Every structure is written in C-alpha cells, then in structure tokens.
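Look for chain A in each of the two complexes below; its partner is chain B in the first and chain C in the second.
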Partner chain A sequence: MRNLLIIRAVAFNSFVESVRNRFFTLFAVFAFTAVYASVLAGVMAVDQEARVLADFGLALIELTALAYSLFAASSTLLREAETKTIYLVFSRPVPRWAYLAGKLCGALLTAGLMLVVMAAMHLSLLAFRGFGLPAFYAWALAGTFLKLAVIISFAFFVSLFSTSAVSTLVIASIMWTLGHFASEARFLAERAPGIQGAVLTAFLWLIPNLQLFNARDAAGAASPLGLAVLFPAAAWVAASCLGALWLLSRKEF
Partner chain B sequence: MTACAVSFSGVEKTYKRPRLLGAEYHTAVKDLSFEIPAGEITGLLGLNGAGKTTIMKLITGLLFPTAGQVRVFGQPPSDVAAKARVGFLPELPYFPPQVKPADALEYYGRLSGLSGAELSRAVESSMKKTGLEPHAGKRISEFSKGMLQRLGLGQALLHKPDLLVLDEPVSGLDPLAIHDIRALLAGLNAEGCAIFLSSHSISEVEKLASRVLLMVSGKLAAAVTRAQWESAPGGLEKIFVEAVK
Partner chain C sequence: MQSISALKAGARGRGLLILAAAALAWAAGGFSSRRYVSPFPPPSEMRVPAVGATGDMMALALGARRLFADLWFIRLMQYYGTREFSGEEESESAGHNHEAEEHYGEGKYPLFLPMARHVLEVDPAFTAAGLYGAASLAFNMKRGDEATELLNYALKYNPRGRSGATQFSEDRWKYLTMLAAVGYSKSGNPVAVAEAIAPILKDPDCPVMLKQLAAFLNKKAGNYAAAAVIYADIAATSRDEAYVKNARRELEKLAGIKRQGPARGASR
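The block that comes next holds the complex of A and B.
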C-alpha cells in the first residue's frame, strides 16, 4: 500500500511537470495546426474527404503524441539526475522499481491526455466538415496509446545507459520506425540463407511489431484490433521496464 | 536506539569513468573506518576533492562502496528501514521553480511515506521550523539562495529523521540565515537528532560539532573532539591546517 502511494505521488508529480512544461503548450499548438492542415488535405481529396480527414488526422495525432512523449521520456530521468532532484528521492525510502513505475505511469498519463485533447480537436474539425465519428476511431486511438506505451518504456530503458537525451531520442525513434516494418523485416530475414538468417530472425524478436497496433490497417476486418494485442504490448513494456529496473538498481548518483 | 548512527568499516569508493579505450579509475575514499554516534553533531572537514560528498552519498545509499561496509542504524544504507531514519540535504538542492514551497514539501513528504493529516502537520512543522511560513504564498522561482537552503532543510526534516546528513548547509548564506540555521540544528540535536555535516567553514563546524572528522585526499587524517581543539593552541583551525599541509 505504501509503495502504491509512492507510485501515485511520482506519477502525479511527473504528469503535472510535463503538463506545465512549455513544450507541452508548444505541442498542443502544433497538434491543433496539424489537425487543421488535415482538413485542408481533406478538402483537396474531393470524393474521399472523410477518409483522408480521418486517416491524416489520426496519423498526425500519433506523430505529435509520439514526438512529445519521446521528448519527455528521453529527458525526464536525465534531467532529475542533472538537477540532483534524484538525490532527494533516492535518499528517501523509495524503492527504485516504485520510482520507475511512477515515472512510467506519469508519462502514460501525459500521452493519454495528449491523445484525448487532440482527438477532441480532430473530431470537432470532422464535425465542422459535416462528418460523423469514423469507423474504429476509438480502436485507432487505443492502438496509438499501446504503441506509445511500448516506445516510452523503451525510451526509459535507453535513457539509463545513453549519454544524452538526444541519443535516447534518436535510438527510440529508430526503434519506432523499425517497429513499423517488422513484418517486412521478418519476411526478408526468413529468406536470408544459413546463420545470417537465423541471427537476423533472432535479432528481430527484439524489435516490437508496432504494425499490430495499427487499427486503420485492418479497416475491412470484423474487429480492428482485439484485446489480444494487449499481450504483445504488455510483454514489450514489461521487457523494457525490467531492463530499465536492472540498470536503475545498479546506477549510482 | 542504536548507540551508533553510522559506521564505516574499511570503506573504499573508486569511480569508474568509461573512456574510448578502457576506463579511467579514481579512488575518492580509501580504507575509511569511523563511527557517527547517535544524538551527536559530527562535522566533516576537508579540502575540495577530499571525499566529503562521497561519504555523504555512501551514507544515503546514492553510491555503493567498492569495498568495505557502511551501516546506518545497523542496516545497509540502501535498506528502506535505514533510509526512513535519515534526512539528507545535498549541496545546492533543486526544486521546480513554478511550485510553492508547501507543494514541494508535500511531494517529498509523500515519498517519505506520509499522508493525510500527518503529512499536513509535517509540512506545516517544517515550514515553521525553517522560517518559511511568511513566504508560503511565493513560488520557488522567487526564492533567494538562503530560502532555497531553508527549503532544502525543510524537506530533510519532514519525516522527523534520527540522523540528518547535511552537505554544506550554510554555503553562500547571509549571516542572519546562518544564525537561524545554526539555532535550528542545535535545537534538533537537543531533541536527540544526530547531525553529520560537511562544511568548508571551520568556524561553523567548530560552533556546532562535538567531534570533527578531518579528511585528506580520501583518507581520514584525524578525528578531533571538542575538548581536544578547545585545549589546543590555535584551536581547530590550526589542527586542520597541520593535517592538510
């Protein structure tokens, strides 16, 4: 119970700091502009306006939330170490796993808030153009949230051994990109000969398959995502968190 | 209560700095053995790089010893039970500038396991003890260095620790703030709290401590009691200068 209260305190503090951060305002303005741009693109799409508006808006929502989440996740632990705030935390009876869990919850809360705010803007713009709620919209947002959870936890892990926030940002962005080509990469690896193929296939198990969370890819399917995608998401988040915890428990300040 | 708040036994701390080829090692403290008695004020003096901050971080579990053993109230410093009895003020503590002092204290109080009415009382008591009550409505961005130091001390006092570890607690403060903090520390010690403080100011340590550890190049050069420096010609300053030369 005591540790749950610590997780809640760290999560809330992390969330409030993120929301107060001027970058959050900057991204909120950017998100609004980006979603408005999707309306312009929709107008140009003529017959497919509703589809272009929905898809373009959702893609921009994901990219904007990803950019801010990665920025926040890459810098939060490093900033606390640089400002020595971490001294005041770890000199207290705060288990390192509880601190990490709190930071992750705070980052997910921030990402969730960003998605909700941007989705509200997007749906308002769609309504303004005379369109209703697109099919699978909530699933698409849920998929984006799962992707963010996977990549945020990975960024936490990387930030514990990388030397700067920029390198964490770059590595996590590369992972996000690779994750969207996981199926293609596996297809090619399976066709690579001998040991080369085996090594490549083994390496690809380390890359999260983010295509699993693309609800709009499966727009023709009966169920766009399904609860089954929670398992791979949970596995990748847990793997990153365990790695991060292993590094954090050995880290000195 | 254990008679000994902190014990160091043959402690060594070596920092490893990775380089392009291999690593660079620097031994900050070596073969360090001493005890900090419970309920007393112990000072730590040394030149820059003598290992003072390393000792403080070893006590608070922020660093792990390379060799030897550190015990805080009989427990390893990383133990939750040990940490619950220690309050730490690092040098130049940082607080988010946009919040008010009570908000910052509330956060650290929660991390210390306080909640509800107990937390409110602890925050109020810390604000009062450190003289921050008149500044309760200000944001931390408006705080002077002295006020930040008071807030740093306030967060260390929240959970009523049995041991206060203070790294340069009066560094850069004006004479009135130094006087107030000295009075506060003397009061806490009178209530039974052990205090371990490092400082560059010999006179400050001399006024407060009943025993002083002198660190020279990572080693304990001497442990001097109040009776010893009061009976020596030239006092603590002369003993310190002779030890570091």
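The block that comes next holds the complex of A and C.
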C-alpha cells in the first residue's frame, strides 16, 4: 500500500511537471495548427475529404504525441540525475522499482492526456466540416497509446545507459521505425537463404512489432485491434521496465 | 568486510535475475506476436514509382499507409483531372459541347493504371480508390483489360476479402459487381452496365464519377426516372462542385423532358 502511494506521488509529480513544461504548450499549439492544416488537404480530396481528414489528423496526433513523449522520456531521468533530485528521492525510503513505475505512469498519463486533447480538437474539426466520428477512431487511438507505451518504456531503458537525451531520442526513433517495418523484415527473413535468414530472424526478436497496434492503418481490416495485442504490449513494456530497473539498481545514488 | 561482499553478491544475483526476467518478457512479446499476419500486400508486390519512393518509405516507417494512400489518390485525381489536349480534340470539342458528358474523362493517361494500382498497393482497403480507378479505365478510357487487372489485384489483397475475415463479403461484392459491369462494357451493352452498377451506387464507397456514369447511361437508355434519382443523389451528397452543378443542370433538363411528356422525351 505504501509503495502504491509512492508510485502515485511520483506519477502525479511527473505528470504535473510535464503539463507545466512549456514544450507541452508548444506541442499543443503545433498539433492544433497541423490538424487545422489537414483541412486544406481534405478539400483537395473532394469526395474523400472525410477519409483524408481523419487519416491526416490521426497521423499528426500520433507523431506529435510521440515527439513529446520521447522527448520527456529521454530527458526526465537524466535531468533528475543532473539536478541531483534523484539523490533526494533515494535518500528517502523509496524503492527504485516504485520510482521507475511512478515515472512510467506519469509519462503514460501525459501521453494519454495529449491524445485525448488532440483527438477532441480533431473531432471538433471533423464536426465543423460536417463529418461524424470515424468508425475506427477509438481503436486507432487505443493502438497509438499502446505503441506509445512500448516506445516510452523503451526510451526509459535507453536513457539509463545512453550519454545524452539526443542519443536516446535517436535510438528510440530508430526502434519506432524498425517496429513498423517488422512485417516487411519478416517477409525478407523468410525468403533470405541460409545463415542470412537465420541472422535476420534472430534480429527480429529484438524488435517489437508495432504494426500489431497500428489500428490506424488496419482500419479496413475486419478487426483493427484485437484484445490479444494487449499481451505483447504488456510484455514489451515489462521487459523495458525490468531492463531499466536493472540499470538503475547498478547506479549508485 | 565479509558482510559487505555478501551484500554485493546478493545484489548482483538479484540484478541478474531482473535482467533474465527482462529478456524473458521481451522474448514473450516476440513469441506472442509471431502469428501476426500483415493485412497488406507483401513488399514484392509493391511497384514503387521513382518519384514516390521516399513517400512509400515514410508510409511504412511511420505506419502511415492510409495517409500516404490518400496522397497517392489525390495525385491520381490531379493527374486524371489534367486534360490531355491535342489540336484535333480541341477543335472537335468546341463544336460538340453537348457531348461533353459522354466524352468525360477520355484520354490516354498512360500512368493511370500504375498510379491506381499503387494506391491499392499501399492501402488495399481503399475500396473507393479501387472502384474509381476501375470505372475510369473501363468506362471513360475504354481500357477494360486494365480495369480487370486492377479489380483482380483489389480482390486479391482486399483485407476484408481474405479468408478468416469476419466481414468476408463486405467489399468483395463491389469489386465483383464492377467486374461484371466491365464485362458488359466490353461487349458494348450500356444498359446492362447501368443495371450492373446500380447496387454499388448506394454504397458510401461509390465514387461520384461512377454515379455520374450510371445516370448518363440511364438517361441515354430513356430511363429518366432512374437517371433523375441518381442526379438528385449526386446533387445532395457530393462535395465536388463540378459534379453538383452538372447534376443540377441535368435535373432541370430531365424536369423539362417530364413536363413535355414521355413520348417527346424518349425521342431525344
């Protein structure tokens, strides 16, 4: 119970810090402008305006939330170490796993809030143009949240061994890209001969298949996002957190 | 001294356990996702145009296939919307303005098939683009074989048409209906084409161009009531001003024909 209270306190603190951060405001302004710009693209699509507006908006929401979440996840632990805040935290009876769990919950809350706020803006724009809620909208947002959860926890893990926030950002962004290429990479691995195929297949185990959660693109499929995708998402988040905990436990604060 | 080293060894042991648990959890994620079957065509099926290679890479890297398929569709419409003028065509069209609707969308447009196919390569669930491409090829450009090729590709990779999908027939029937209409078109039977595409007209995926074609074919066959219903639908639902204006104009003409009487109207 005490540990839960610690997690809540750290998460709340991390969430408030993110919301107060001026970058958050900047990203919100950017998202609004970008989503508004999608109206122009929608007009060019004439009778497919609803589809284009929905796709543009959802993609921009995801990219904006990703940019901010990665920025926050890659810098928060480094900043707390630089400002010595982390020493103050660990001088109290705060378990390292609870601190890490709190930080992750705070980052996920921030990402969730960003998604909700930008989705509200986007839906208002759709309504303003005379369109209703796209059928797959909630699935797309849920999928985006799962993708963000996987990549945020991975960024936490990387930030504990990388030398700067920028390198964490770059590594996490590469993982994001590889994650979306996983299906194509598997296709190539299956066709690659001998040792090449085996190496590529082994390498694929290191990459989370983010296409699993990409309900935005699978909107035409019969089931955009099944419940079964929750397990791999939870497994990858847990793995990154455990890896981060291992790194954190090796550091002397 | 001994107790400190024992503590360090214990911590190292716990650390290794955590690391092993992390590796196991990561592997569990990979293992549980190995059965995932991509709903998209394999990479070998993508014929990337030279000018669009960067866009396609972005589409895959960012997981934004739908968005980039939309952009390709806009490009296709812009390409098809640019009229292919030649001196001969220009002088002919000046003398036959009343036949503009009949000759709408005619031209060579050599890149139309590869561009239309590429939209479906990026997002095979984009049914409206598939129907638009096939209808333009078959009925406007009189390239039935290319329309059939596009429809067969769409049928092969439509995610709703795949085995195991719960909504098996949701989009498949539209493509099959269009295939039948293309067949009638090849055999020079416009009335049968109009009848064949009638079920697609009420579907939200139906391109307005196809509605326009159905209305025109009905009008030509003397089926004014059906033509008027379709024109009214275009006027009420389309966001394309050119189609809306044309539909309103045709509705006025049809109302005039109705007032003059069916006998005179049929002779037009």
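Convention: the second predicted complex is superposed on the first by the 252 of 253 C-alpha atoms of A that agree within 3 Å, B and C clash if a C-alpha of one lies under 4 Å from a C-alpha of the other, contacts with A are read in each partner's own complex, and residues count from 1 in each chain.
Convention: a contact is a pair of C-beta atoms (placed from the backbone, for glycine too) under 8 Å apart; a residue touches a chain by one contact, two chains touch by 3 or more.
Just so you know, these numbers come straight off a predicted model, no measurement behind them.
J.: Counting touched residues of chain A, say whether chain B or chain C comes out ahead.
T.: Between chain B and chain C, C touches the greater number of residues in chain A.
J.: With both complexes overlaid on chain A, does A:48 touch chain B (first), chain C (second), both or neither?
T.: second
J.: Per the contact definition in the header, classify A:88: touching chain B only (first), chain C only (second), both, or neither.
T.: first
J.: Report for A:117: first if it touches chain B alone, second if chain C alone, otherwise both or neither.
T.: Touch status of A:117: no partner.
J.: Contacts for A:13 in the overlay, against chain B (first) and chain C (second): which applies, first, second, both or neither?
T.: first
J.: Considering only the touch criterion stated at the top, classify A:208 as touching first (chain B), second (chain C), both, or neither.
T.: Second partner only.
J.: Using the touch definition from the top, say if A:138 reaches chain B (first), chain C (second), both or neither.
T.: In the superposed model, A:138 contacts neither chain B nor chain C.
J.: Contact-wise, after the overlay, does A:109 reach chain B, chain C, both or neither (first, second, both, neither)?
T.: Neither partner.
J.: Need the overlap of the two footprints on chain A, from chain B and from chain C, as residue ranges.
T.: Looking at chain A, the two contact sets are disjoint.
J.: Any idea which chain B residues touch chain A in the complex?
T.: Its residues touching chain A are 57, 60-64, 80-81, 83-84, 86, 88, 90, 92-96, 98, 107-108, 110-113, 115, 155, 159, 165.
J.: Residue numbers of chain A touching chain C in their complex, please.
T.: It comes out as residues 41, 44-49, 51-52, 55-56, 59, 62-63, 147, 177, 180-181, 183-184, 187-188, 204-206, 208-212, 214, 216-223, 228, 231-233, 235-236, 238-240, 242-243, 245-246, 249-250.
J.: Using the touch rule from the top, collect the residues of chain A that touch chain B in their complex.
T.: It is residues 2, 5-6, 9-10, 13, 17, 20, 83-85, 87-95, 252-253 of chain A that touch chain B.
J.: Which positions of chain C touch chain A when the two form their complex?
T.: Result: residues 11, 14-15, 18-19, 21-30, 32-33, 36, 38-40, 42-44, 60-67, 70, 73-74, 77, 123-129, 158-160, 165-167, 171, 207-208, 238-240 of chain C touch chain A.
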